[in-house]
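Chain naming follows the written order as A, B, C, D and E, and within any one chain the residues start at number 1.
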Amino acid sequence: NENDYICSKGMEEPVEGKRTWVQISGLSDIRTIAEIGKRYNISNLSLEDALSTDQRPKIEFASTYFFITMRILDTPDKTEEQISFFVGKDWLVSISEHTSDVLNPVIKQLGSEDNRLRSSTPDRLVHALTDRIADQYLVRADELDMQTEALEELVVNQAEKVTASMIHRHKRAILHLRRISMPLKELFNTLSKGETPFVSASSVPFFRDTFDHVLWLSEECETLRDTSQGLMEVYISSLDMKMNRIMKVLTIISTIFIPITFITGMYGMNFIHMPYITKTAWGFSFVIGFCIVLSIWMIFWFKKKKWW
Amino acid sequence: NENDYICSKGMEEPVEGKRTWVQISGLSDIRTIAEIGKRYNISNLSLEDALSTDQRPKIEFASTYFFITMRILDTPDKTEEQISFFVGKDWLVSISEHTSDVLNPVIKQLGSEDNRLRSSTPDRLVHALTDRIADQYLVRADELDMQTEALEELVVNQAEKVTASMIHRHKRAILHLRRISMPLKELFNTLSKGETPFVSASSVPFFRDTFDHVLWLSEECETLRDTSQGLMEVYISSLDMKMNRIMKVLTIISTIFIPITFITGMYGMNFIHMPYITKTAWGFSFVIGFCIVLSIWMIFWFKKKKWW
Amino acid sequence: NENDYICSKGMEEPVEGKRTWVQISGLSDIRTIAEIGKRYNISNLSLEDALSTDQRPKIEFASTYFFITMRILDTPDKTEEQISFFVGKDWLVSISEHTSDVLNPVIKQLGSEDNRLRSSTPDRLVHALTDRIADQYLVRADELDMQTEALEELVVNQAEKVTASMIHRHKRAILHLRRISMPLKELFNTLSKGETPFVSASSVPFFRDTFDHVLWLSEECETLRDTSQGLMEVYISSLDMKMNRIMKVLTIISTIFIPITFITGMYGMNFIHMPYITKTAWGFSFVIGFCIVLSIWMIFWFKKKKWW
Amino acid sequence: NENDYICSKGMEEPVEGKRTWVQISGLSDIRTIAEIGKRYNISNLSLEDALSTDQRPKIEFASTYFFITMRILDTPDKTEEQISFFVGKDWLVSISEHTSDVLNPVIKQLGSEDNRLRSSTPDRLVHALTDRIADQYLVRADELDMQTEALEELVVNQAEKVTASMIHRHKRAILHLRRISMPLKELFNTLSKGETPFVSASSVPFFRDTFDHVLWLSEECETLRDTSQGLMEVYISSLDMKMNRIMKVLTIISTIFIPITFITGMYGMNFIHMPYITKTAWGFSFVIGFCIVLSIWMIFWFKKKKWW
Amino acid sequence: NENDYICSKGMEEPVEGKRTWVQISGLSDIRTIAEIGKRYNISNLSLEDALSTDQRPKIEFASTYFFITMRILDTPDKTEEQISFFVGKDWLVSISEHTSDVLNPVIKQLGSEDNRLRSSTPDRLVHALTDRIADQYLVRADELDMQTEALEELVVNQAEKVTASMIHRHKRAILHLRRISMPLKELFNTLSKGETPFVSASSVPFFRDTFDHVLWLSEECETLRDTSQGLMEVYISSLDMKMNRIMKVLTIISTIFIPITFITGMYGMNFIHMPYITKTAWGFSFVIGFCIVLSIWMIFWFKKKKWW
């Protein structure tokens, strides 16, 4: 097909009237990247942003292209990485730290025949790519939501299996997601306003759609943060309750035995003239019986006070 | 009546000069939905939003209709669901996950004669429907407010019947309501500005009225969140107080009996030359009497210290 | 006087060139209210807002009047209620739930001769009335501030007289005041901008003055909320300190008596060959003396550790 | 000098072409104040604001003057008070509750020859005065910052000398300063925009300078609030740690002595056939020795568990 | 090179057509500073801001220059200091408290041949300098992030090595960084808008780049603050858990020994008619055996209750 993209994983000359997607994975081959920057008229400042891997997600405009940088979340196989897109009239340059599986479905779509994406302009292609990434965020938010519920379940029912650091690590993950997703609101808002060069009017509803998802995501993050906050409180109060239970056992045992131990101590004193009871045959049994009665009475008292 | 709505639960051709309301319940019959989307010129993106059931409540405008998506709260019978409205010049398409009882009163109104709604434009009809849904939110907020008071009552008077997770679950319900009602502010604000196509000037005061309710709702949610926050603190402090009471009992019992147990231990020692008192007839009674006096004195001391 | 207001507690026809104030107290006589609504051209939506008693305080504009709804705080005699004002060119309709004493001073002013209010336009009259209500809020905020200080005093000095629920209830009262006063900022801001129909330029400084008070009030509410938040923390820490004190007593008593009780136990053992000391005349006194010395040493040790 | 200010502490007629500063201290002489209000064309509403001493700091504009009201902080001698400035083309009226020392340096400057202030317009004079007051706020913020550090030092090192109410009172002072300084941002922002009548362009940089200080002050207040918040947490955790230490002592003492007291109890039983050891010469010493060894082993065990 | 900067550490006359950078380190030589202020037409207010060392970071504009003041963070050798830049058409005056090493790389660049900076306008030079300073902030934020993780590690694994004040001090450092970096957002936003005199269009992307870094920094500070907040909670809950462990040991020991000590006390009573068991040969062993069995049963019971 005439409109098909030329996909390349290295240097590729821009061809007039042909759509090109240059995919750079790995930042070590600086020379190629510089070469591409030169051919596609990419400013050095933008290239440096793409190469330094701890950039704030953002969008920037130049005269011949616009520039997006985002973060791809870690997957079971890969660590978190940064990806940058340079979008021109009929070309797209993407620079990422390593090959990520997240964008594979889009690459597949480009390869399958009769797919609309195949003959669409670079703005639609970059939408498909960034939408995939934003989707990954939503999936992560849902995972974190389920983890929150699982943790909650655990805190309530088996608090001894939970540690404060589990909750704290969970909260950090939420804060991290929130931090890298917050700038996306601004980014997609800009793209969905329809005043961006190289973004055609027909692409605006798509970016608008992604913007709605990102808004929803950011509210989800807020709710998650509030909920995980509450989780810590529930955990601390469950520790308090456990302490209460331990103290109750100690107190009940002590309160029952301390007084009757005093009684045995009393009759253990070495007085010459002991009370008459010590001289009777039934004395010992009587005292022990009294101790038992006293204990039972105290147990009832605790039951009445709802301690047990 | 000539102005009456044609209500249909399936595919229905739009008829020029006739008002139509197509009510789709259930998202399984994709083909009918696609067919309706085609006939009423609904864009695919909007339809997809209506079909994916975890959308952020929002309003969107197209050239021939506007599109609202909201959530209907769970009722005793039904789970929470998403409902979407497509509002055109003289037609309304609603797509929901299942048949909900919430909108029944409006449907009844449409059926009863001499009702104004019957001959009103679709914007008024969609107002009636969304207002019902927003009303449900207000009712839920009131329920949560009453639950808050009930929980409060319980925490203060019978803290042992409360668990931290009850309060936490209550707070989650509040956060959920807050999250799904927040976007409604934006939605009804847009509709009450009177610059929306297909919303006639005469409908604006109605949407303005609903907007006021939603504002009130969002402030209620904030207050609820703050109050439920405080509830957890009251609960934790009630646990602390209970612990204090338990510890007090243990301390009082220990403090009274430990010293007098020492005294009995003292006279229990096997010295050949015991103090003179052990040889007297009144010695035993005297020591026991002293222990009782000591105990009583300590009880008075605790009372004075306001421990009891 | 020709400019005097015609005050009426029921239906009253508007008279051209005459100022009228219709005061409706009680919402049960729906027919009269509907009748008045008709004569004064009040829209049904506004009337419904006046009749449903849980409205968000707000201001709304119609072509022939503007509409204010606010809440009157509870007084010792009366419960909290909603009051609505409809202000036209030369008439004022007020609808409240029951007769409240709060507005009496203004009614008196209207009755007394030579009072400016008597010959002023309805906007000035409605300012006098709403200003009275806002004043009541300021008084309540001051009361809550004094209660905060009293609670604080109590928490610090007599924590046993305070319960967590007292602080919580206090905080709820603050949150309630905050919630019903927040919308007043918007309301009086609108009125003090001078672009409102039926509000003459000469009244604007008066509304501006009330707006300043309401701003001050809202900041007071924020400060109150923060302070009451801190109060709970002080209370919890006072519970902790009390627990510390109780535990200290238990620990001191236990730590002193447990070792010396062991000593008495030691000499209470039934060995045939006991240590020489048990056979001496001074043995008993010596052991008891040793116990006393040990106790005193421990007391000094606690004092040195600043436990006492 | 011709441009010198006529300073007066009572009624003073405005003189055309002469600069006047009327300083009213004390609000009891209502008649003089009313008289001045009349001569300088000051509206009654503004005068009332100057007389009621619990006003929100603000700025207001009239046709012939502008009106500022602020609070002067308490000094060792004086309580907090309100001061109001009415600034006209060539006159300044200040109304304060009592004579405050804070403004003395400015008054001195006015008196000393060759001082620029002497021949400057009232806007510059009012800048000098309000800048002095804002400076006092900055000094107070610095004091509170140092107090925060001192309290922190104390909490960390001598927590027993600190009470929760000390921290709470400290926090209240911060909240109070924050509350009365927040409106100053708005006030000086208005003055530094250069669109205010009676404020010459040459004065704008001065007000801009004060505005910068006030911005810095407000951020300082935020930081102070956050820090004092943390202080309470450190205090509560220091109470917790103290409790831990107390409990550790109790637990160590109990855990060592309870088992060996059981041993002595064992040999204190009155059985006819006691174990052989009770009949040996070395039995007593052996049992006591065993108790000592057990205790030492337990102490080592605690040391290994890092309890000591 | 003709375009080279004349760098001077003291007074230097501005030369038409030559670029000058006057670097003042140390604020004691007031006369030189005043002299420079005169020659370069710097207003007194700006100079005073540069001399008083506790200014809010800001940017201000005058007709012949613009003025930036920022803070340089403390390094291992130097304390935190303030630095001010006055940027004119072809000159730059910097005033700092002492010589700082942070700017050395830029000074080196100016010295090395063929460096672009050497022939650039003062706005680019001031960008290089302020970017260095902002970079230092980012490095500090990363350090604080790593410290947070280290503290977290410590709190979770070796809580006894952590004190509340360590966490508090850490949080203060974060709050301090946040406070001095917040105004930078405003500062660089102003510079990156491209409407600033003496900032050429070609410099705007550079300032925009720094602005992005500062935005990222401010979000990092927010996340750090939230995380350090959580750290305190984890710490307090780790104290609670430790307390729980201590109390468990105490309770287990007490609960095992208190009942069996009662048994020994029972048989230690001096009754004439003791139970038959005290007269048997196997009595003593039986009772001790019973105590051991009871203890073992209790240990199993605790194990089952998951206490151990």
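We adopt the following convention: contacts are C-beta pairs under 8 Å (C-beta built on N, C-alpha and C of every residue); 3 or more make two chains touch, one makes a residue touch a chain.
Just so you know, these numbers come straight off a predicted model, no measurement behind them.
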item	value
C-alpha-based rotation, chain B on chain C, 0 to 180 degrees, nearest 5	70
Between chain A and chain B, centroid-to-centroid distance (C-alpha), Å	24
Intercentroid distance (Cα basis), chain E paired with chain C, Å	39
Numbers and ranges of chain D residues touching at least 2 other chains	236, 240, 243, 247, 250, 254, 258, 261, 265, 268-270, 274
Chain-level touch network, classified as line, ring, star, complete or other	ring
Order in which chains appear around the ring, chain C first, chain D after it	C, D, E, A, B
Sites on chain D touched by chain E in the complex	152, 155-156, 205-206, 208-209, 212-213, 215-216, 219-220, 222-223, 226-227, 230-231, 233-234, 236-238, 240-241, 243-244, 247-248, 250-251, 254-255, 258-259, 261-262, 265-266, 268-275, 306-307
Complex contact set, residues of chain E against chain D	43, 45, 49, 54-56, 58, 60, 160, 163-165, 167-168, 171-172, 175-176, 178-179, 182-183, 225, 232, 235-236, 239-240, 242-243, 246-247, 249-250, 253-254, 257-258, 260-261, 264-265, 267-270, 274, 278-281, 283-285, 287-288, 291
